[in-house]
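In this document, chain identifiers A, B, C and D correspond to the written order of the chains, with residue numbering beginning at 1 in each.
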Amino acid sequence: MDLAYKIFLDPFVQMGTAPDLLMQTLWEGLVAGVLYSLIALGFVLIFKASGVFNFAQGIMVVFAALTLVGLYEHGVPAFLALAITVGVMFGLAFAVERLVLRPLVNQPEIILFMATFGLTYFLIGFGELVFGGEPKVMISDQLLLPSGAYRVNMFGGFVQMQKIDVAAAIIASLMVAALAVFFQKTRIGRALRAVADSHRAALSVGISLEYIWVIVWFAAGIVALATGIMWGARSNVSFALEIIALKALPVLILGGFTSIPGAIIGGIIIGVGEKLGEFYWGPLLGSGIETWLAYVIAMVFLLFRPQGLFGERIIERI
Amino acid sequence: MATNAAPGADTFPKLLIRNADIYGTRPAMRHKDLGIWQTWTWKQVLEVVRAYAVGLHRLGVKPGETVAIVGGNRPKLYWSVMAVQMLGAIPVPVYADAVADELAYVLAHADVRFAAVEDQEQVDKILSVKERVPKLHEMFYDERRGLRDYDHSHLRPIDDIIVDGRKALAEEASLSAWLDHEIASGKGSDPSIILYTSGTTGVSKGVLLTGERSLKAAADTVAFDKLTENDIALAYLPLAWVGDHYLNYAQGMVSGFCTACPENSDTAMADLREIGPTFYFAPPRTLEVLLTRVMIRMEDAGFIKRKLFHYFIDVARRYGDSILNRQPVPLVGRLFYGIGNLLVYGPLKNVLGFSRVRVAYTAGEAVGPDLFNFYRSIGLNLKQLYGQTEAFLYVTAQPDGEIYSDTVGRTFPNVDIRITENGEVLFKSPGMFAGYFKDEAKTAEVMTPDGYVKTGDAGFFDEKTGHLKIIDRAKDVGHLNNGTLFPPKYIENKLKFYPNIREAVALGDMRDFVAVMLNIDLTAVGSWAERNNVVYGSYQDLAGHPLVYDMIEQHIAEVNHSLAADKVMAGNQIKRFLILHKELDADDGELTRTQKVRRGFIADRYAPLIKALYDGSREADISTEVTFEDGRKGVISARVKIRDMQTEPVPAAVGKAA
Amino acid sequence: MFYREVGQFKTSYAADQALFPILQDKIGILLILTIAFIVVPLVATGFVIDSIITPVLVLSLAAIGLNLLIGYTGLLSLGTGGFMGVGAYACYKLATFFSGVDIIILVICSGFFAAAVGTLFGLPSLRIKGFYLAVATLAAQFFLSWCFIRIPWLYNYNVSASIEVPTRTLFGIPVTGPTATPVTRYLIVLTIVTVMTWIASNLIRGRVGRTWMAVRDMDIAAELIGIRLLPTKLLAFAVSSFYCGVAGAMMAFFWLGNAESESFSINQSFLVLFMVIIGGLGSLLGSFLGAALIWGLPIVMRNAPVVLGIPVTAATMEHITSMTLGVLIIFFLIAEPNGLARLWQIGKQKLRVWPFPY
Amino acid sequence: MRAPTDPDVAAGEVLLSLENVSLSFGGVKAISDVSFDIRKSEIRAIIGPNGAGKTSMLNVINGFYHPQRGRITFKGETRAEMRPYRAAHGGIARTFQNVALFRGMTALDNIMAGRTLKMQRGFLWQMLRYGPAMAEEVEHRHRVEEIIDFLKIQEIRRVPVGRLPYGLQKRVELGRALAMEPELLLLDEPMAGMNLEEKEDMSRFILDVNDHYGTTIALIEHDMGVVMDLSDRVVVLDHGIKIADGTPDEVKSDQAVIDAYLGVAH
């Protein structure tokens, strides 16, 4: 009885009584969600275009951030470092296409999936070898990212919003917008969609898959870089971030592997759900439930809608 | 050996009973069926055959009657032979691949009332010629599939007969006694089987053999090769061929060894490998095909492996045969051979299924020295024998340790050989046939007054080895217009020893020079074409291809060279040749069922080509009728090119036949 | 080349379907077993056994478990570590409650707990496939590792927050805990692994295995020949988790001696997954080869510089190892996507048809 | 195998009947209001132009699709819809238009898989693969070998079916269906993509199956010649509607059928 109360009533009572806290929680959930979305976005881009379930996306985030900071620490001016990092991400995309995707073309998904594991291990080793394993501080100021916080008064309390988070939200939405434009308007973008629909079709309209793949991985790299900067600015840069890559998986399930809007919305649902759960129900179970709550949400969701939020129903034919 | 002196066992049924006593629980027969080797011991076989015999008896099979056996090597067909013999009736095996015509002829000539057949295919074939075999009353079949809807008034499964027989035996005790009496009263002088020779010329003749003689002959060879109940042979050659009946059936009965039947013709090679026979017979053609396959497969092997293979095969060529013949061999030779045996010969024999072979024979055609030596060099105890259906196979054979590729061996124990002044070989043997079935005339023709049989083969005894050498069919040995002795087969064989040449027909009797018509070997030349990216659509394309002609031309040049070396043969160098547009085929009557060339027939069938060969024209048109496997007929026509050959100077003296 | 199969014919289906129908293989396996059971204990040092051989055996068992799921039933799972953990903790609790019961029995029993949990988390497999399922199993992984940390009861409220394996004896000989010798622990592990591998091979060659593979290759057709998908998949999950559970329990009791939640983290899952993929999907042998490679490689890497006398800091070595591991995984996937088992198969076939190339 | 039942005796007795079956996918009608029956031991052909709903028909019969309306009566049991495994239990076997074999398994294992329903031994025995389990395994292997022998595929027993040529795959698939010892065998274009010789073989096998095991067969086939030779009765569908039903000769001369086939290449 008491427990039932704790689970089903108490949290909502709390929400009602302290709406400002609720808002705070929602906001933090939103921000976390945005970052999940960005990583999920990287996944989706690659999965759409090359059918590869890119486990390395999370690591690419860390790797990008690490490179950026690392370069700066070696005395490279911030924006130059940024530029170089972009270059590095391109190099990475290129190398991946050459050394991993091309030799493995037409292999079953699971094999490509495994290959990205290999990539993960490589990037971790490489990153730490070059820039050292110890955590680093993101060079937010040098990149002219705002710091400090807004205090918004509402519901008789106030909600604290880190400026960096606001920036993150804005940049994220800009990037999504940019990608949308990229997909809809540019030739390459259309090519990408063609590839996503059917590789053969793409080839028939004379698009080189290799080229496409490089582009996609590069795009994913850029997304990763942005994510890295944002996330790095909130906590700091180390391979502990790796875990957030796994956070993106339930997002993908909610959103569907191939839907960009899905990734966004899924990310936010997970982010918010997680924070709410942690904040209001967490204490019941002892904290830290956010490590798995997302998955349970996703799993339950799957049982009712196996094809995800935006995926379309598959009719099996024989 | 104890087993040959079979006291009182002068017929196959008696021997079967003896075997059930001595070897009771030893395997008599194995058959790869339903994926595993089904096995029957001698006891079981006896029991089945008795039941079968009784069943047949109840169907009205009477002593002295003939029963046709049509099909492949299957236990139930072997049992049919046994059961029929048990009733004192005469089994008449017929080649399973015989076309309806031949089948009809044999069944009619042997006036069979019953026929035990393998499957629907044979049933259909026989039904299709039913009116030509009026006496045929009833058929028994082994394989049920597809026959269910047939009119069963004169058709029944062998299984049912056996079951019926069993029931009968179980119900009335008297039957068993009656059967025993039947068997006991069987006489060795009674005919035990009629084997229809696939006559090299004209229609086939029914060779009548008696139990006693057959067993005597078999006993001799069993002793000669020391075969025992521990041996095993794979019965994969036509049931109706004297070879199978002798080597597997008769020898099996006498020595008590196990006869294994392959699952089907496609799996024969694999089955051979599984069962690993200790006694093996293969006609030269089979060995040839096998060797060609080996060489082709090795072509695809990696560089090092290929080198390794050829190196050690070379080693084997040098020492293998002597080692097999237990002749002194330098230690280093033994050493290298040992390594080769580990790396190549052993594995090779293993993949070919020869690992356990103790005695292997080849016969029926002359064997190429290379071919013959290859198998011996890798340690397969391959020997040659010379024989005839009329002799119940053996006339001469090569004893262990006295092996020569160009002889057919010593006169066989208890055989007497005489050679006429015109070179024909005559013999008298224990297994000698009783005569041709319903054909006294023919019988008289081949018998000399003093009871020798004319083989129709020309040959002579080699001074240094004391072995018989066969050069050709006596009647085929002719003379060129310049008087040179001309044995076509001798030349043909020299040609056929090249893997690329499958069949050859040499012409020259009463002509100015020797010319040949050839068949290329599609497997060998085909893969050669692949390697040299020569494109071709059909045998005909390939046969007509200039590059192929060039290749063959080289072979013939070599043959000419070797001919030139031999004084007697130098005159026989080949001056012109052509490659036939189609493969010679038994279904078209160009070859016998045992794949021997039918000269006369070919001579008029390809008359236009032959004319062209001698009137100096560069090419000639030919169209021939062909029979497809399902019996339909069609016509192939083509324009065949002809090539001239350089010949080497002929030594002055021209000899005469040895 | 060394195969001499002539005359090895089968006269019964039993013989035809034997585990090792070819004589030479029988000899080979007997040789391996004698080496494993007799030679190794005599010659191998405690260090080698504890740091290489025992771990490889334990992980092989886990890999077999996962392989039954992925390789034979086609269900992708990333929860292996979690299921191993269940085994370990279950065994620990059992050991605490039934201190009298033979430890080996407890190890086996703990498999059943893992099986139960595995089956539970296998339920979604009816509705979802492929990567979606993989992610679902991740839920299991994270939930379980969370439990291992957050539920002190599981580790008896030890301050170390980890399993501390008590000393247990078998016929008076200590088999677990600090006093147990590496060799004793090795022999027990070896025995269990051998038996369970044999059982696995029996399962996959029989009806059960065929239904699994049928579901893997074409679930629709499987359904239409009367195979019920859910029970089949759940059975696969159960058996798979059982194997993982036992492996986990052995890991804690016979190898590490004490284990905290880290040992059963997501990384463990990935490691085992590598072993299965690199070793070869759908091959028991592959599971062993994969385990040996993935486990052995870093050890070799780490010790190489020491042996060669190259001065490298441990940290740097770690990084390099991780890099090389990554590269090697990719390399192997490119070289032979079907894994080491396939390489072995090809080699064997070559030997069988020697001197022919095919 | 099951004792062969004599077709003549059994003829007339209805094995399966469909009444007013309708099936649609999201508004798209695949089958509308089709009724017909299949008699014991007959060979029943379902023909029709592409997209006539033939395959959907089979899918309804063995329960892969569930019709929105209509009743299915199989062996006297009436139900609104089949369930795949229940259909299998009930003795309905099936082959597919584009072969649906277990590609990773050998021909032998594929056919053995067809025996799953017949195998009873429990998990524990399976673990030991000893005693009863082995005995059962052997017994069923024997049955399967009979089928292998029947279909003349001895040489490919141990070959993973993925490596087999199409024609042989079709045979193995038929073998797997036969292994279920079905009372009703559904063949979806058994001869699609075969050359003349393979077609002849396959027709032979189909007749033999019907004749040897007395199995009732319902088949979809495009090759009219084959259909006319093989089948006892033919039902013709067009755009999901039954347009004719009767003996081959009746159907051949049916105007509606002729119209339906006009312009449809065969």
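The rule is simple: contacts are C-beta pairs under 8 Å (C-beta built on N, C-alpha and C of every residue); 3 or more make two chains touch, one makes a residue touch a chain.
Being a predicted model, the structure only gives us computed values, none of them experimental.
Taking the mean of C-alpha positions as each chain's centre, the chain lying farthest from the centre of chain B is A.
Among all pairs of chains, A-C has the largest number of C-beta pairs in contact. A separation of 78 Å divides the Cα centre of chain A from that of chain B. Centre-to-centre separation between chain A and chain C, using Cα means, comes to 33 Å. Taking each chain's centre as the average of its CA atoms, chain A and chain D sit 50 Å apart. Taking each chain's centre as the average of its CA atoms, chain C and chain D sit 41 Å apart. For chain C, residues that reach two or more other chains under the stated contact definition are 12-13, 16, 220. Multi-chain contact residues of chain D (touching two or more other chains) are listed as 64, 96, 100, 141-142. Residue positions 35-36 of chain B each touch two or more of the other chains. The touching residues of chain D, when paired with chain B in their complex, are 4, 141-142, 145-146, 148-150, 152, 154-155, 157, 204, 208, 211-212.
Residue ranges on chain C touching chain A, taken from their complex, read 70, 76, 124, 127-128, 130-132, 135-136, 138-139, 142-143, 145-146, 149-150, 220, 266, 270, 273-274, 277, 281, 315-316, 318-330, 333-334, 337. Chain C contributes residues 12-14, 16-17, 199, 202-203, 205-208, 210-211, 213-214, 216-218, 220-228, 235, 282 to its touches with chain D in the complex.
The part of chain B that touches chain C in the complex is made up of residues 30, 35-39, 273-276, 294, 297-298, 300-302, 305, 308-309, 343-344, 346-351, 353-356. Interface of chain C with chain B (complex): residues 1, 3-13, 15-16, 353-358.
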